[in-house]
Structure formats: structure tokens, C-alpha cells
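Two complexes, one shared chain (chain A), two partners (chain B, chain C).
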Partner chain A sequence: MIYEVFRQERKGQAFAHAGSVEAPNEEFAEAYAREQYGRRGESTALWVAPRDAVHEIDDFADELRKNYHRVDGYPLKEKLGKARELAAKGPRGLSAGAG
Partner chain B sequence: MDAKEQEFLDYVQGGGQVETEDWMPDEYRAKLIKFIEMHGNSELMGVLPEREWILRAPTLQRKLALTAKVQDEVGHSQLIYRVVEDLGKPRERCLDDLISGKSKFHNVFHYPTKTWGDVGVIAWLVDAAAIISQKALLKCSYAPYARIMKKICWEESFHILHGRDVVLTMMLGTDEQRELVQEALDRWWGPLMQFHGNPISREEDPMYVWRIKSQGNEEARQQFLDGYVPQIWELGLTVPDPKLRKNEDDVWKYSEPDWDELKRVVTGHGPKTAERLELRRTSREETAWVRRAVLAEAA
Partner chain C sequence: MTDQVQKILEIADDELILGWRNSEWTGIAPLLEEDVAFSSIAQNEIGHARALYERAAQELGTTADELAFDRSPEEYRCSRLVQLRLVPDWAATIARHYLYETADEERIGVLKQSEDAELAGLAAKIDREEAYHRMHAQMWFERLHDEPRFKAALDELQPLLDVRGEHTPEFATLWEEMTSVRRSLAGATW
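So, the complex of A and B:
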């Protein structure tokens, strides 16, 4: 059976995938993970999980092109340039603008 | 090559990386398995020359360090065989093919370790040559292999320090000890120069074409010479090649390595090939009952 191993390098950090071990049961998986990923003090903690228990999702639908909740949905450069030009013309320029 | 394969090739050549579950051409998968399996074999066979010296190490500290290094290298082979398994070839079949001589392992592990000087030179220079190849694999187009290489390179970096420490200690010792290092260097120089392979251009190297490797053979050898020849010279050691020098264009010139020897050795005709494979075979047989008992217990 294949077990996936995740390691935390320092306290407070996120766990990251380290690799996998093949083991007949959990007890062996833990022993192998310890040997492969924890023996030199390179990890503060490990997570060991059967590969089947990890569900990968890699299809993220964006049919509506929902860019309003992303940084790239707000290209302000052009608008800002125009706004500055307008402001430079003084108060009359501003009042002439449309709401 | 059909359009889908061409697209894949363009993708990896453009620096794209591939995961286990992604579609890949059969040829790419076959090349990956062959390359990574040979690496796993080499880690496993590479411990045998050093293992011979665990019982004869000069101090307890050296004995512990050497044992730890052997454990690391076997660990590397386990990690690497895991990558091969996920590509479709089980570890047991890798071991079958290794023992039967069907698959290969690196040339340097087919030679004897005559003295403690050899242990120092192997741990320093053979590991240095290996780490140059391995660092270039950090950019491998097959991402699971590239990722595992990060951990391996990290461990190899202190193996080199261990080797350098062994060599420096001997160089600071008696004339006899210095002689042992020089003799070992004389023995290992040929295999070291062959290690990175013949200087075919990288565009003709299928492993580069698929971006399994990220550098050509000669680039790796030049990098080795550049990094290590000055370190060898500064200790007062002589490199056994009268033609070795660095030209004004920063390119190292050297005597043509013996490519026939390389071919003979990696096809299973090295001085220690048969003996070491036999040791692998018998130890696998002798420990089979442990695996059977443990697996039955765990099931």
C-alpha cells in the first residue's frame, strides 16, 4: 500500500508534500516515514495518509469569468490615468464630467 | 511523432513539468523508467564499495559516519524506486532486472575499494561528480523525480564534506597516508572522467531532448573539473593526466577517457560487477523469509 507523507519544516509553517512510502500497514508506514523524512531533524512533524485518502481536485470551473474576485479583474491603470488628466484641468473639468 | 506527442515535447522543452497522472508519450515513460531505475540501482549498488570498509574504518566516529552514509544511500534507492513504481514498474521487478544484469548501474560502483584512501576519494569526488548530475535533475521535466531530488541533494552535500574530511585528515597525516590518497586518486581518475558519459551533444541525447536531464554530458564534466581540480591541486595531489589543463577560453582539456572501458564496465564486465551482484542476490534470498513473515503479520 502507498502512503503519502507530508512534512512541516518548522513550527507554524504549512505542511508540504514530501513524498511517498510503500508499506504493508500504518505502523510500517509511520516507521518508514520517520526514517525517510524525519531522521535528521529536518521536520518538526509529519502527516502520513493512505494515498487513497487523498483526493485531488484540479478542475476549477470559471464559466462566468468571475474576475471580480481576483486582482486581475481590476486593471486600474488606464482609468487612473484618465482621472488624473481630468483632475489636472481643475474644478471646472471635474464638474463637466458625467456622474 | 503525432501532434499530441509533439505538443508534449514542446511543453517539456519549454520548461513544462509533468505529474504522474498526466498523459505522457510511451517513449517518454520508457525513457524515464530506464533513467530513474538506473539511478535507483546506482544508489543501491553504490553502498557496497563503502560497506566493505565499515568493519575496517579507522575510528568509531568514521565507522558511524560511514554507516549513516550507507543508510542514506539505501534510503535514496527506496525513494527513487518509489518514483519508478508510480511510473509502472514495481520495485521487485527492478531488483530482478538488476540482479540478472538486465538493467545497469553507474560505472564507478563496479570497481574495488582497495584502501581507506579509496573510501575518502569515493565519498569526496565520486559523490561530487554525482551531485553535479543530480543538481541538474532538480529541473527534470518529470516533477515527482525533481522533487525527491531536492532531499537527495541535501543529504549528498554532507556526504561530500565527510569525504573531504577523510581526505584532509589523511593529507595532514604521514607520508604513507598521503601516498594512500594519491594512489586512490590515480585509480579513480579514469572512472571519474568516464562518469558523465561520452561527449555527445545534448541535442542528440534523448534524455536531454525530453528534458529528463537539463544539461549535456560534457557540460557536467566541465563543471566537475572546474569545481574540483583546483581543490585537488591545492592539497598537493597530482591528477594522473599530463594533458589536463584549463585553456584561455575557460574550457578544460584532458586526455580522451577510455570509452571502451566505460562500455565494458556498465554492461556488466567491471572488476567487481559479478561479485557485487552475487552479494545482492544472496542477501535478497537470505532475507526473503523476513519479508514473508513481516508481510504475513501485517496483512
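So, the complex of A and C:
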């Protein structure tokens, strides 16, 4: 059986996937997880779960590219890039007012 | 040498030799995860040996390295059980591990009650790590206890636990290996 191990580095922080261990049962999985992800003081807590218990979802419908739905909001990178390009061109660009 | 120092040396010798023997599984344990776990246990045992040798060395006016590596093979007080080279017999290795950890719990428990606060503190520290060794031994015991090979190994090894002061031929080989660096380079430390 494969068990997935998640570790928390400091109290209050989110758990992050650390790796997996192969073990015949939960007890062994806990012992192995402890040895591999906890014995050097690198974790304050571990979550150990059978791989089957973790449901993976990887199909997300975003046909119309409604990127305003995303947590990062409108992507500003492109706009900023353009603005910088303009600014670099000189007085007729964005920095015109400064001169 | 007082009885107490003798006792500490006995435990230290057991831990050093068992740690050495268990480390012989590094790289070849039945599965990768077990390899990591068992190697880590071996490393802990050697760490305990070191701490106990240091403690005995204070009383004897010597050093941990001298106690660990500069004595002649006959001077080691380790149990016959830990001397055996059991690779590649995993059932026997686990039988020894189980017998050893069970017996070790008792004597470390006694040390924890010592009137010598420093020694009691050291024993408590060691015991906190041993708790995981016992957990590990117990879960393997539960898994293997119905296996005839495991049962046979338990019966065969049990009587060796309390045999001290006798050395197996394989102990001489281990001693050679263990002390070779120290003997070839004066002052080498671990």
C-alpha cells in the first residue's frame, strides 16, 4: 500500500505534500513516515493517508477564459510590460508628464 | 570499577554492538522504507552507546573512544545475543530486535530511577528514543508472530540474552572491523 505523507513545518502553517511511503498497514506507514519526515526536527506534525483516500481533480473548465474568476485577478503582467515599453520610448510615452 | 559503572558499560557495549549489527542491513533491508527506519534505529543505538561510554569514561578517567575501541575483545561485556551476525535472516533479526528491546526497557527503567540525577536524566533521554524502537519491534512482532521461522528464531535466541563474558567467533571478526580505523590511525575518533 502506498501512503501519502504531508508535513507541517511550523505550527499554524499549511501542510504540504512531503512524499509517499510504501507500507503494509497504517501502523507501519506511520512509523515509516515518522522516520523519513520527522526525525530531524523538520516537521511539527504529519498527516498520513492512504493514496486512495486522496481524490485528485485535474479537469477544470475554463472555456471562455474568464480570468477575472481567478484568485490572482486580472493578469497585470502583460499590461505592465507594455507600459514599461512605452515609458522606455521617451517623452511621448507614459513619462511625458515628468519632463 | 563500581557495579554501576560495570552496568553502564554493559549497556553501552550492547548498544554499540547491536547498532553495528543492525547497520549491516543498511542498503539491503526488505523494503526501502524499512531500510531507512532500521538504519535510523541502528544509528540511535550507537548514539546511546556513545552517551553511556562518555558517562562511564568520566568515572574511569578515560574517554568514550578508548572504551569503545581500545579494549581487547575479551573485555567487552555485551550479551551473546547482540554479537550474532544475522544478515540476511530478517525473521531472526526481528526476533532479536524484539527480545532486546523488551529486555532493554526494563534495565533503562531501572536507570531512570537512579539516585544519580544526571544518570537518571540520561536514561530518560535514551528511553524517549527507545520508545520508538519498541513501537517498531512491536509492530513487526505482531506481523510475524505466527510465522514458524520467527517463532523458531525467538526460541533459539532467547537463551542468549543473558549470556555475557563469552564471545562468539563472529564477534572477533566484528571487533577487527570495528576497531580497524582506530588501530591504523592513532587518535582517530568517531
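Methods note: the second predicted complex is superposed on the first by the 69 of 99 C-alpha atoms of A that agree within 3 Å, B and C clash if a C-alpha of one lies under 4 Å from a C-alpha of the other, contacts with A are read in each partner's own complex, and residues count from 1 in each chain.
Definition applied: contacts are C-beta pairs under 8 Å (C-beta built on N, C-alpha and C of every residue); 3 or more make two chains touch, one makes a residue touch a chain.
As the structure is a computational prediction, the values presented were derived from the model and not from experiment.
*Asks:* Report clash or fit for the pair chain B and chain C bound to chain A in the combined superposed model.
*Replies:* Once chain A is superposed (C-alpha atoms), there is a clash between chain B and chain C.
*Asks:* Let me test your reading of the model: by the given contact rule, A:Ala45 touches which partner, first (chain B), second (chain C), both or neither?
*Replies:* It touches nothing on chain B or chain C.
*Asks:* Please work out whether A:Gly19 is in contact with chain B alone, chain C alone, both, or neither, and reply first, second, both or neither.
*Replies:* first
*Asks:* Which partner, once the models are overlaid, touches more of chain A's residues, chain C or chain B?
*Replies:* Ranking chain B and chain C by residues of chain A touched puts B first.
*Asks:* Determine, under the contact definition given at the top, whether A:Arg34 touches first (chain B), second (chain C), both, or neither.
*Replies:* Touch status of A:Arg34: second partner only.
*Asks:* Going by the clash criterion at the top, which of the stretches 43-51, 115-123 or 151-159 from chain C hits chain B after superposition?
*Replies:* Between chain C and chain B, the clashing stretch is 43-51.
*Asks:* On chain A, what residues does chain B touch that chain C touches as well?
*Replies:* 21-24, 27-28, 32, 35-36
*Asks:* Can you tell me which positions in chain B touch chain A when the two form their complex?
*Replies:* 21, 75, 78-79, 82, 85-86, 91, 147-148, 151, 154-155, 294-295, 298-299
*Asks:* Residues of chain C touching chain A in their complex?
*Replies:* 31-34, 36-37, 40, 132, 135-136, 139, 143
*Asks:* Would you mind writing out the residues of chain A in touch with chain C in their complex?
*Replies:* Interface residues on the chain A side: 21-24, 27-28, 31-32, 34-36, 39.
*Asks:* In the complex, go through chain A and note every residue touching chain B.
*Replies:* 17-25, 27-28, 32, 35-37, 40, 42, 56
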